[in-house]
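Read from first to last, the chains carry the letters A, B, C, D, E and F; within each, the first residue is number 1.
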Amino acid sequence: MAIFSLLVTATPYSAQGQFSALQFVRVAINNGHSIKRVFFYADGVLVASRLNHPPSDEINLTKAWAKLAIEQDIDLVVCVTAALKRGITNHAEAERNALTGENLDPAFEISGLGQLTEAMLESDRLITFG
Amino acid sequence: MKSICIIFNKVPYGSQSSRELLDIALMAAAFDMPIKALFIEQGVLQLINKQQPEVLDIKNHSATFKALELYGIEEIYVDANALNNYQLTHDDLMPIAELIDNNAISEHIQQSDFVLML
Amino acid sequence: MKSLFILNNPTKLDACLNAMSTQDGLLLIEDAVIATHHSGLSCVTYALEEDLIARGLSQLVKQHLVNSNIKIIDYTQFVELTLQYDKTVSWL
Amino acid sequence: MAIFSLLVTATPYSAQGQFSALQFVRVAINNGHSIKRVFFYADGVLVASRLNHPPSDEINLTKAWAKLAIEQDIDLVVCVTAALKRGITNHAEAERNALTGENLDPAFEISGLGQLTEAMLESDRLITFG
Amino acid sequence: MKSLFILNNPTKLDACLNAMSTQDGLLLIEDAVIATHHSGLSCVTYALEEDLIARGLSQLVKQHLVNSNIKIIDYTQFVELTLQYDKTVSWL
Amino acid sequence: MKSICIIFNKVPYGSQSSRELLDIALMAAAFDMPIKALFIEQGVLQLINKQQPEVLDIKNHSATFKALELYGIEEIYVDANALNNYQLTHDDLMPIAELIDNNAISEHIQQSDFVLML
């Protein structure tokens, strides 16, 4: 059984990459593999906002990731530089940067690009969804 | 009233552009603007029968194309050349669009007051 | 090392093919599944079934591919395929 | 002198369209034209978050639009459906949709697609930046 | 009615040219300014100078375009050009 | 240590992808991973001299390419064929990259443990 990590850069609702990445993770776990980390970068970080609120007949990608992360104990990491630039922030980053609000879903964690490199080196495969 | 031409040129589901473009068409219809919808290049794939994006948890918007006539959008055209490129025939599509050639596409664009793509 | 190239954008097919070596494989996903009829696909090629079904193309492609060497695979096979190659290259 | 409206659908930091649109508006005004409305749609709505915080040596697109809007009294309208889906919300929409937070910059206003159609019909030109 | 087609993506140039009528004009902006040497540009064509300068292409393109009918225009001319045509079509 | 190949294939400033890809290269360098940087297709334009995106209020990231060597990234290659397509010569570029052909590009991709594009 193998260890996977994912790099997800796709814009949440405009591109298909987030849907594909979710599907890949679900199937990999069903097949007995494990997921070390999903690293969100570039526009991919936008999925981490708990304010994302698609119409009720559509999947909420943020909640779908959060559910998967909690059930399967998966590490969801958002790149801090990409996130701040695109308006994704938690309480600590908001304070540090004097921002008036925060919106990070609690299933996600903000960290640095080093987490991507580490995931690459400690997994059997890194799969990019862009 | 000014007229509008809406051009669909993207594959469905790889992006949501066509879905959001469709919403503009419906809004223009609500304002009683004369509307033409053109499906060209990769956009001809928007009209394929039996789409099932539900298998990927993606919402199916193809039914809205079938409902365009109900919204008063009756001028719907599809690029015959592109269909051919994708080895598709008119029978593979929802029966709502008329086949036209490249010259006719340019003419429809030329005649409209506004042309929108997404 | 042999690589599995993963392509999601049909307009980049030629550039992707250009970068591949003879032992590499190509997996078409998302919008790129519309490129199954492309004449340049001389490498080992796979197309993701769920993406074909989503676009209503599954039956049509199967009819056209009767004599082709393109294999249609599902997500379970996609996951296993990434392990049969030494690495994946998502061509963006 | 002419009246322009803009439709902006470009992702704020990943694409160039927001930069181009800003430049177009500035130059049009300098040349004596007027801007009826800038309508943000699709990923273009993401520029309306006041939490967007690029590095200090880069332009903050949200603030650039806000400054222009205030100085020149330009209507900046964000499509409500596109915005909610992508995590852009004001206090009223947050309450209505039971969201825990809001992030709309006060220079922008959330409204419906009808505002785009109206802008088209009441301007000399509609220019799209995607 | 004559239209000004505005193109920002060089990979869509052929599709854009296909949709144009003889009296239409083409304005290349953003990444599409790299397409000034394209052989199919038989229509009236403009390229946005600020986008050429941003990419370090302004001098290079001017040298190559000595005998071409492509006009290099700035943002002020861009704004005025949209008024010389009956409408604009942003080809996305 | 596993090696990484970073492929730049986008025009500068129309998207920020190359800028964010550059950050990944620098981070991999900090982890002492052997790194190759390939500039192919439209990505060869990333290396043009005298870029001035400041005229559009966009940050200039081209100086970081010149600094790659300082970060220990010495294997930098540019697609000769693509240069030719854009009527460019090696003299139009920052002098940091070696010209290579299509076969060499495939080989560099093949030899690396990871290949990243954005």
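The working rule: a contact is a pair of C-beta atoms (placed from the backbone, for glycine too) under 8 Å apart; a residue touches a chain by one contact, two chains touch by 3 or more.
Bear in mind the structure is a predicted one, so any value in this text is a computation, not a measurement.
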Legend entry - Steps needed, at fewest, to go from chain B to chain F via touching chains: 2
Inset, instruction - Go ahead and note the Å separation of the Cα centroids belonging to chain A and chain C. - result: 25
Legend entry - Inter-chain centre distance, chain C versus chain F - centres from mean C-alpha coordinates, in Å: 27
Inset, instruction - Quick one: report the Å distance separating chain C from chain E, using the average Cα coordinate of each chain. - result: 35
Legend entry - Of all residues in chain A, the ones touching two or more other chains: 9, 13-14, 16, 20, 23, 42, 58, 81, 126, 128, 130
Legend entry - Residues of chain C whose C-beta touches two or more other chains: 8, 30-31, 50, 87, 90, 92
Legend entry - Residues within chain F bordering two or more other chains: 13-17, 56, 58, 114, 117-118
Legend entry - Chains that touch, pairwise: A-B, A-C, A-D, A-F, B-C, B-D, B-E, C-F, D-E, D-F, E-F
Legend entry - Contacting residues of chain A [partner chain C, same complex]: 2, 4, 9, 16-17, 20, 23-24, 27-28, 30-31, 33, 124-130
Legend entry - Partner chain B, residues of chain E touching it in the complex: 1-3, 15, 18-21, 24, 87, 89-92
Inset, instruction - In the complex, go through chain A and note every residue touching chain B. - result: 13-16, 19-20, 22-23, 57-59, 64
Inset, instruction - Spell out the part of chain C that touches chain A in their complex, as residue ranges. - result: 6, 8, 29-31, 50, 75-76, 78-80, 82-83, 87-88, 90, 92
Inset, instruction - Could you pull out which chain C residues touch chain B in their complex? - result: 8-10, 30-31, 34, 37, 50-51, 53-57, 59-60, 64
